[in-house]
Amino acid sequence: MEALDLELDAGELELPAEPMHLNMGPSHPAMHGTVRIVLELSGETIVKADVQIGYLHRGFEKMCERGTWAQVFPYVDRLNYVSPMLNNVGYALAVEKLCGLSVPDRCQWYRMALGELARISDHLTCDGAMAMELGAFTPFLWFVKAREMVWDILEEETGARLTHSFGRIGGMAEPPTPDFKGLCRAGLPKILDLVEEGERMLLRNRIFLDRLENVGAISRADAIALGWTGPCLRATGVPYDIRKAHPYLKYDEVDFDVPVGTKGDTLDRFLVRLGEIRQSKRIIEQVLERMPDEGPLNCDDPRVVLPDKMAVYTTIEATIQHFKLIMEGARVPSGEVYSYTEGGNGELGYYLVSDGSGTPYRVRIRPPCFQITGGLSKILEGRMLSDIVPTFGSLNMIGGECDH
Amino acid sequence: MGDVNRSLALQGSEQGYATTRLDALLGWARKYSLFSYPFITACCGMEFMALTSPRFDVSRFGAEVPRFSPRQSDLLWVVGTISQRQGPVLKRIYEQMMAPKWVFAFGTCAATGGFYDNYTTVPGIDKIIPVDVYIPGCPPRPEAVLDGLMLLQDKIQRGERRPGVVKPRIDPAQQVSELVRLRRSAGDPRALLPALREEKRS
Amino acid sequence: MSQLVLEKLRQRFGTAILETHAHFGDDTAVVDAGMWRTVGQFLCDDPDLDFDMPIDLCGVDYPERVPRMEVVLHLYSIAKAHRVRLKTRVGDADMAGAELDSLVSIWPGLDWLEREVFDMSGVRFRGHPDLRRILMYPEFEGHPLQRTYPADKTQPLVAYRSEAEAGTPLEKLEPFGPDEGMPFGRGGLPRVAEDI
Amino acid sequence: MPTFKLDGKAIPFEAGDTIIRAAYKHGIEIPHYCWHPGLSAPANCRMCLVEILPKPGQRPLTLDILALDPQSGEYTVKQKPKLQPACYIAAAEGMEVAANSSEHVRQARHDVQEYLLLNHPVDCPICDQSGECKLQDYWLEYQKTPKRMTDEPVHKPKAVVFGPTIVYDAERCVMCTRCIRFMSEVAKDPVLDMRERGNLNEIVVAPGRELDGHYTFMTEHVCPVGALTTKDFRFKARVWFLRTAASVCQGCATGCNAHLDYDPRYNKAYRYRPRDNEAVNKYWMCDDGMLTYKEAHDGRIVGASVGGAASSMAKALATARSLFAGVAPASVAIVLSARHSLEDNWAMLHFATVLLGTQNVYFSRRPDGYNDQILIHADKNSNTRGVMQLAPGAKQLRALVDDVGARRITHAIVLGGDAPVDASALATANVVAIAAHEGPLTQIASVVLPATSWAEHAGMYVNAKGLRQTAERALLPLGASRPAYEQIADLAVALGFARPASKLSQIRTQLAAGVGTDPVSRRGSALVV
């Protein structure tokens, strides 16, 4: 019998390949429960990625218009819930700018120390979670262990592990505990050791490196035009750090470097964060040197600062002051102000509008990872499906702040 | 566990069998092998991480295995605020889970909506799905969560489905009365000042 | 901060700059809504200004004013390290004519921000690639950050369980009323509108 | 008009005005405790001290004081301007007064405030005044310093019962004597006075008397602090949870302007406060009037009923339809109410004359009662004059009783439940009542439809002087009650007529056109008849 004629024309060999639609999240282990990515795939390549947020929209800005200025603190805690203290300090600075207040030096140092601790916990969480999502579970345990140590210090200071609500207009809720410095000096080396350890486990791991390197890269110009800030921007090589560019608190008096990357890919973002952990340690050490142990913590302005609790119980003046501040709220002069600090993910801005009453007329937060997540789809398109997890993880998208 | 232990002790293990009620055995088996589905949305997720981490180590209670497919899991951790937009997703996932299934309301937001009393937040997931254990706290400490887990295990053992709430270990009312006693005992309240400050420090 | 930006804007556009101030060191310029895009282009292109980074865009609602909605844009220049706040006002009492030219083509980073302002405040941006809701779901009606939208008016996607179904009271107990914890000396709850 | 300068700002004044009154009229508040626009000025709180600058060429009025020199610790004789009470010095042309601008004045305010708080108890958490207390406001504005005295404060009697309505707390009292002056000057019953001096100083009731009469509540409202509290409002609510609506008192035909304070969370009214209106009640209200806020909840009809048994609205309307089936309009009576708003009555009248086409229009009212020369009017209805203007020919209810007795009237549609006469005879007729409150007429009515009270819908009322005033809405409708004009519209539809206007705006426009009055103002406007 004759041989089979295998000369088929090309068309018949081609498989039908219309793009496949894949829905990732919102309840996906790597999507932090709050993001949904509708993917358009051809094979394993992402043709189009539609990032949908808003699953954790909690009406932060609307709620702020209902309470007093001081009642906003618990809400800002829960914006970037990985580094609440930075949000606290940022908001306090914003309102103080509007009131024309400046807090005593001791408070400024204290705010810096707590803020940098929060930054450490932020970066630990981000890098740890990212590693875990890539299957490296052990370093995650290491990092979380280190984060627990940070939280121990913060808990000792504020009484809460995570959501401190510790900032106040014109100061902080409590002065530093006597053994604050001791705790930091004892804790920081251990934390850094753990970071080293986890780092060694990851950065000598070829699989890990291969999955990060040259993945999710973005150019300087794009990053800037997209409004990226923080580690994600610095990973592209732009040394824009508000602590350097527009120093607030006492950042101009301490000595630290701004780690930057070169390629702006996922690995750079990972390394920049690790580098910042070390810089934060440096800052904290200098703060501990320079923070006075005595002296006032809160500025003495009875219109915004609460009186001593025992005085409230015993004297009518303090009772009235407390009553006015709690029930009516501190009166903030009318005007508008935009105040920005370096948050865990970048420029954390507050745009406040006051009508002179005890209630904010408008509190607008500028969440750094809103724009960062906004750029996600651009750096995903054209990549492979498996690149989503490391890329998304390295952006450190925090639902509370991204969705307001 | 109790029944099994006792019957084993009575019968003696050399006889190689134990007698117990089937539901008790099932309950015992179930409560120590909870496959959990972490439905993590918000702040409480940080504490959930801490819960799974070495210090608090939820695996001591046999509930560490996360299954990200609802069909394979029987304990739904609703961790964090549920927005109206998230509502259908939550309901869908709950419906996909196989019976018997249990639900944790992890944190105040999941339990009542917390202080997000506004246009976008579901005021408590029990508006949408039934809840077995409410864990208050914003976010709750891991210890409280472990309390809730033990509470749930107890309920599973007893086959009870009434919702339960994790109570604080220390009764706040008691503390208040203590403060009042202090306040009354002192003639001049200002005399209390240093003592209380010390108390706060320690 | 230096007045350079405001100076240049005033020179370049004159009357299109309705007002300027620098309270708390934030240079602010209120521009005519029609010139929104032109001014933006200028800020981006002018070598002395060189505003390359879009920081933030938001709406502030003043129900009693006309135009009602104030759209606030914050810009930053990495190279020059200076900032500016650009404001414009659109929309009448019921937000009719609340439209602006989209600036996405100038700063891609404004894509989501403009969607958010549309979603939250109800300002429509002409020429935006896809102007969808971003934080709220498509079924949502109204714009929450307009002050006339009651803070606690929910629009659930899934029907709540009935008490009978749940077996427990689902309503929140006092004192978690809508007015709880609000300081006095303020309008408080939105007044129930007369049936006029 | 002559002017003087206050902090460099020109303030116009009329001859005889004091500085503080001129500023008050001009909308500038000079801090004060004892001064009250409606009372005489004793100038005893010293809070309103101002510095009156000398005329050019004159030497300033000064005091010699011993000032402590912090360096040497020695006391030296210094001179400081003599401050004068703004509530006592008459404004004069070209006078220059320094208040906020004078550092001496600010110091004086600070010191006066500190003295007033010297012995003040730590009561804010349990004080009904807190939230609207002058001591609190002025501390934040003018003192801002913590307590310096460490001694035990002076203790005085607390919770002294002054009478059936008022409780007095001597420790909170700042001795402004407003209450004393009110009782003697306005209430014409000088039952309060002051005894002892200095630390023992307190307000007392005249021996053998207690603080009673018709104007006791006002003493609480003129009190700038929490010293006087009414037993009615005591510990009932915290003021910062209350919202207020500009309402009109329903107690009598005087129509005092009042703030109706209510809690939106519980949809409950808590108190009446007088609302200043020079044309009507100045700054005052009477006790009975202030207690009428209770009528927003007491004796209310919140559901439809048929033959005395509760029923659904639909069933009630169906019953009314069957009752009125085939009845000649001539034998149907329409009864207006002197206690319902103009809108309600207009809707009823419009229904009668335009839709039904009957001339049998009567009106019901509450019987007269106590009256005096100060505020209280004998007519206990808030809108008698308004009804008279709407339907000048409306007959008294007695006439209706006679007509029903004579079988000239077999059916009646009644607004309001009140009757000045014995209405039991009306039971023989078929009565449909639309009322907010229980009353003789609702007792005998076969069908009762629930209407909202004045607190639950905006309405206009014409007081005895012919002044038309609007009351804002405060509460949401209770139970199934709805504004009477809506009920009337539904009834009309049920009886087979086209639906009449049932929107407030429509009614008001037609009302204005019909009665021909100038537009309504909240403060009340004279009526053109």
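When the chains are written out, they are named A, B, C and D in that same order, and each has its own residue count from 1.
In the analysis below, a contact is a pair of C-beta atoms (placed from the backbone, for glycine too) under 8 Å apart; a residue touches a chain by one contact, two chains touch by 3 or more.
Model, not experiment: these values are computed from the prediction.
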Core chain by centroid distance, with centroids computed from Cα atoms only: C
Far-end chain from chain B, centres as C-alpha averages: D
Where chain A and chain C are represented by their mean Cα positions, the distance between them in whole Å: 23
Interchain centroid distance [CA atoms averaged], chain B/chain D, Å: 53
Chain A and chain B: spacing of chain centres that average the CA atoms, whole Å: 28
Separation of chain B from chain C, taking each centre as the mean of its C-alpha atoms, in whole Å: 40
Chain C: positions in contact with at least two other chains: 136-137, 144, 151, 178, 183-185
Residue numbers of chain A (touch at least two other chains): 54, 57, 59, 62-63, 313-314, 327-328
Where chain B touches two or more other chains at once, by residue number: 85, 118-121, 190
Interfacial residue positions of chain D with respect to chain A in the complex: 117, 120-125, 130-131, 135-136, 139-140, 143-147, 240
Chain C-touching residues of chain B, taken from the complex the two chains share: 84-85, 87-88, 91, 112-113, 117-124, 126-130, 163
Chain B residues within the chain A interface of the complex: 38-43, 45-47, 49-50, 53-55, 66, 68, 79-81, 83, 85-86, 89, 93, 115-116, 118-121, 138-139, 141, 183, 189-190, 192-193, 196, 201
Complex contact set, residues of chain C against chain A: 23-24, 26, 28, 52-56, 58, 60-61, 72, 74, 78, 81, 83, 85, 107-113, 116, 120, 133-137, 144-145, 147, 151, 181-186
Complex interface listing, chain A residues touching chain B: 26-29, 32-34, 54-59, 62-63, 74-75, 78, 81-82, 125, 129, 141, 144-145, 147-148, 151, 161-163, 177-178, 310, 313-314, 399-400
